[in-house]
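Okay, so chain A shows up in both of these, paired with chain B first and chain C after.
Our next item is the complex of A and B:
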């Protein structure tokens, strides 16, 4: 009989549920995604299939990978506009090394380390010299893109070894490799932000940098690591994407940073820092991916797709914010 | 023992036969593409099938003009000793990179000072670039417009500043200066004709279902798409156009769009990529869903850059028709036209139409195209 809910115990359970605000907000974002899937499933019978699920996930994987790094930066009230260019530069670095005969694993590793180096430069300037992240990473956006063109001036690389496409096209237990890699990156960042001291420091810095400083958090070092990880995930996304399209190409990833930022904001990360969640970002990336895929499968004309994508993204944000406001009011009421 | 030997021998023979069969099939596919190849335009066997396809929507004119003498390297040029500005849409694009390389070779050969200006595929950058060119005060300008309409005032500004200007590639919406351009309708139309001939020969029992990896915001690209459809439907009027998706003209976006296209219409067996990036993105999408094979269907595109030539020459690739958009031809024609303009032998009514030569899918055909247009 003890498990029979009384009004008092129900309120207690509700309070406990509401105390986990992140869970509710993630559920709200997930509801938007499910709603979209439902709409597309009614519009076309091609949408709800295993192969299309893999297709959506495969296409969304680079955005998910890069978004994980960027989410932590944004939680700490930072921003990295250079992720698209780092993605392109890592693509041609890996490609050029592979063409030169460097073993593929080493070529991919060096490309990811290049991303880490770019992130370190961003982090040193932003954290060490207290320069606006927008300005620094905007500059880095141009530098990295220029570097990509300098490395591969005649654009798409040819003569890549046969194993080049492994990371983009191989399957593990039936799952495409990009999905597996994205899953691993998500797991790492989820654990880091949810269960580690380092994760708590990120939220503390984003919530109130001065308070974080006074409580003994090394702001500069933490920010430096965040930008390093952001650069690494952008470069890893570049390696995965290049592997998928079968080439190193300095032209890939134009506008990629906007997709990443959109996914993160849709996922509930605040532009003013201190709030955000990795799972929300993943759902945000999937919302963007499902939207593009669903509109194509439904045969919507390309120009209307621009309009529809803009509208749905705005509606998704409004719904998310309404739910957030509702949660806050309920918490206050409780 | 004897049984084992016999079994092994039979297995070996079967493997050998399969290998030989596969090779024969692959050779047949390439040979089929080569044997059905033509440089001629095909005419519609059923005019009703192509009646709804728009003509040249980009408003280009004078397609009947031939490049003629403009594609000959002269013994001497009026550009010698001059200061020349040459702009490109974007140096990040292999085609414009090749254009810049050809111009540098010409500058060395004919001894003139060359400054290359990069438009970075950005309207604002091109606008500022025009001011930079005027400040540079060259003796002649070979200008690559980014946009037909916006280029008219840009060219006029340079003319008002007293510069001698020719345009190449995208044509200005008005006749403001001598220009070099290509027939964006008929070039891809030949590709459509060739792909239809190949499809008929290779898959006589199949009905073609067409998908397009498009870039709908560019009128020049719409001419490419419509030209291809006109050519293909001229010979196979029963073909059904399933869908055109926006691939953005770059490999990563084209790959995602082509993946969606293949999901939406699993019966698609013909795809046209509006440029090489679009086709390479499609190739990757076909590989991802296990359809990358000459037995899947047929793929075509235009541009003729080096990476796509690898596909054209690959026996198992479905890419079996390609027309070139030659950087050498454009460079030489613009070079000669600018010399004529400086000498007062050309005016705003002068136009040079360079071809979209179809590339025969043989080793020799591919090598000779690359050697001239994309020399290493």
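Our next item is the complex of A and C:
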């Protein structure tokens, strides 16, 4: 209660404190990223090149895109495990439609709308029936994966039109298309979470659902929208990824949801909701991307990458726990 | 003084509730209650735990729906079916658990749900100006609108909630025990805020257990007992002693068996037990003795039992059972020493719902008496307990969830009788059980004390406490504030637990 006696002394500091706290946390994650880059740069001289950075970013783009939707879900204290399967289903839906002669832009659009529909189903069940999001989206993980195989049993689709790879390989102003798309998605979600009324309400729902309810916020509708957006970003990630690999493939994205969740947790979004930053998530996705790329270039066996990724995730969760418990005080003077 | 109506009858009340009723399974929480509130008054509600004041508050807040009764706001009939209705009627609640979102700023909290801005964008400049005006108007200028809510004290959080109520154009502001997390200086400040609100023509419903506050603030005071309104008095028309007399006076039921034996040698001795919730607890409970613990909800009764049982960490103090020191902060050590606890939350902490009646009964036996379960002795032991306590169950293999609350509670007590229990800690053991089962549980507690156990019995129901206990200790603000003999009156207990205002202990950053 010592706060009471000190409001004057802290007022000046408290003024910009919200952004301060976020800036400190973001800077800390960024420092980890820079440190990792430093380590890999000393390990291999192939790491620190412009083309390799573009490579890392291009590979990270699907994770970044899907993480944006998922970050908002997790800020609202939800979870969506189905993103990897939605990504695969979206990939084969776009591919099958393209093979069947549907114009490409329409095929991509329908795939994204499919993602929205899956998200809507998730959202209706989770928000409407107050069911655990883990179980609902775990079920959806299986359903969407099954749907992907049903649509395209022969694994990889052939006979795709020539423009298929545009989203994955074209360049805009010298930047690879996946990076441009990820940038746009990040910008949209950043503005939404930081500057809109809807964004404030996401934090309120995750931080104190009862307070949000008593403030007259329609929690169910908000959650529904978040899951719809999460499904859409997962499907968009699927379109971008399959465009880059040049095919529709029901096998892609196995374990993708774990990469997404890892990126978000590493980026500082709290598992207990109410806290999280899109920019942190982007850094988290890049940390995972750099880790995979660097270990690869350093000649480490691919299986070790799983171990490394898992370790990073666990460390990030422990740090989250410590921050929540106030062990790592991000308080006055931070 | 039964029904004084002090305010000019020509003036129509801000809020009028007529014939309110609300029942829960087995309990009539509110019955035929009339209540009104005028602009510019502080109307205090008092009564014992469970007297009905919290139910009234929850109904007015739209958190619970009344079974019977009508509401008028400014002379117009209104519904109070949910929090939105109640908000639309101009009622705002400053609850004990404050609804502040840590991740948002002060202004974002105040304006949540009604944010300024266009096209969905949050106008943080406008929000800060609006919020700062509201904070200034209640005298909390030192709170800055763009400050994060995370670091606010309890008093500052209350200020945020009051500002939010004003933002919602609330005309009725309900405060439920608002001073319990506050320090003295903060209480003074809150009272100043209340004076401002009163002067601004708001109607304030103020629920408190603290007579001193009621005396100071209340323009009118309504006393509740057993779900009924006993009466409403104006400021100065009744002394605190008068009010206490209005709150008590229930008939003692003949549910309590007479005691034969005299307390023997000390079994449980607690000295200087302290942690963030309790302060310097000294307690001696003898063989054959039932010690009743009285006190309001939040007075530290449950926390004291949990500390003795090793469930909550203690910072200092000693516990001995029959002169042998008990290692602190360890439930297994407490159990080995013969301490048993029946927790307040039966469903979540007393029983294991998925297990059978037999497995629940033997849960202590299995771990502390005979780890290699021999079917013969084990089922004999279970059977003995079931019969001894009169647990009514179709079979011991049936799930315990199928049993009534009273029979579940018998199992929760009975599981301790299969180990070397010498001290039995009971936390509200009759909560949520029907009258018949209550009587049986009283008999069981009585019998166990007769057989030599030392029993510590926490209850919010004074009649059962006075009927059962040999001696009563009263807690307030985490401390023991007095002791009474078993033939004390309800007035004496209430006076100790309410009039004797100890400073509350504050814990953590967000009480």
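We take it that the second predicted complex is superposed on the first by the 284 of 334 C-alpha atoms of A that agree within 3 Å, B and C clash if a C-alpha of one lies under 4 Å from a C-alpha of the other, contacts with A are read in each partner's own complex, and residues count from 1 in each chain.
Methods note: a contact is a pair of C-beta atoms (placed from the backbone, for glycine too) under 8 Å apart; a residue touches a chain by one contact, two chains touch by 3 or more.
Note that this is a predicted model, so its numbers are computed, not measured.
Touch criterion met: A:169 reaches chain B, while chain C stays clear of it.
In the superposition on chain A, contact of A:133 is made with neither chain B nor chain C. Touch criterion met: A:46 reaches chain B, while chain C stays clear of it.
After overlaying the two complexes on the shared chain, residue contacts for A:299 are found with chain B alone; chain C is out of touch. By the document's definition of touching, of the two partners only chain B reaches A:249; chain C does not.
When the two structures are aligned on the shared chain, A:84 is found in touch with neither chain B nor chain C. Residue contacts after overlaying the shared chain place A:153 against chain B, while chain C stays out of touching range. Of the two partner chains placed by the overlay, only chain C lies in contact with A:200; chain B stays clear of it.
Residue overlap on chain A between its contacts with chain B in one complex and with chain C in the other: absent.
Taken together, the chain A residues at the contact with chain C in this complex read 1, 3-4, 7-8, 10-11, 14-18, 21, 195-201, 203-204, 206-208, 210-217, 274-275, 326, 331-332. Across the complex, chain B is touched by residues 44, 46, 49, 51-52, 55, 58-59, 145, 149, 153-156, 158, 165, 168-169, 176, 241, 244-247, 249-254, 292-293, 296-297, 299, 302-303, 305 of chain A.
Of all residues in chain B, only 91-94, 97-98, 214, 216-217, 243-246, 250-252, 255-257, 259-261, 263-264, 266, 277, 280-281, 283-284, 287-289, 305-307, 310, 374 touch chain A in the complex they form.
Residues 83-84, 87, 93, 97, 99-105, 108-109, 112-115, 117, 120-122, 142-144, 146-148, 150-156, 164, 183, 185-186, 506, 509 of chain C touch chain A in their complex.
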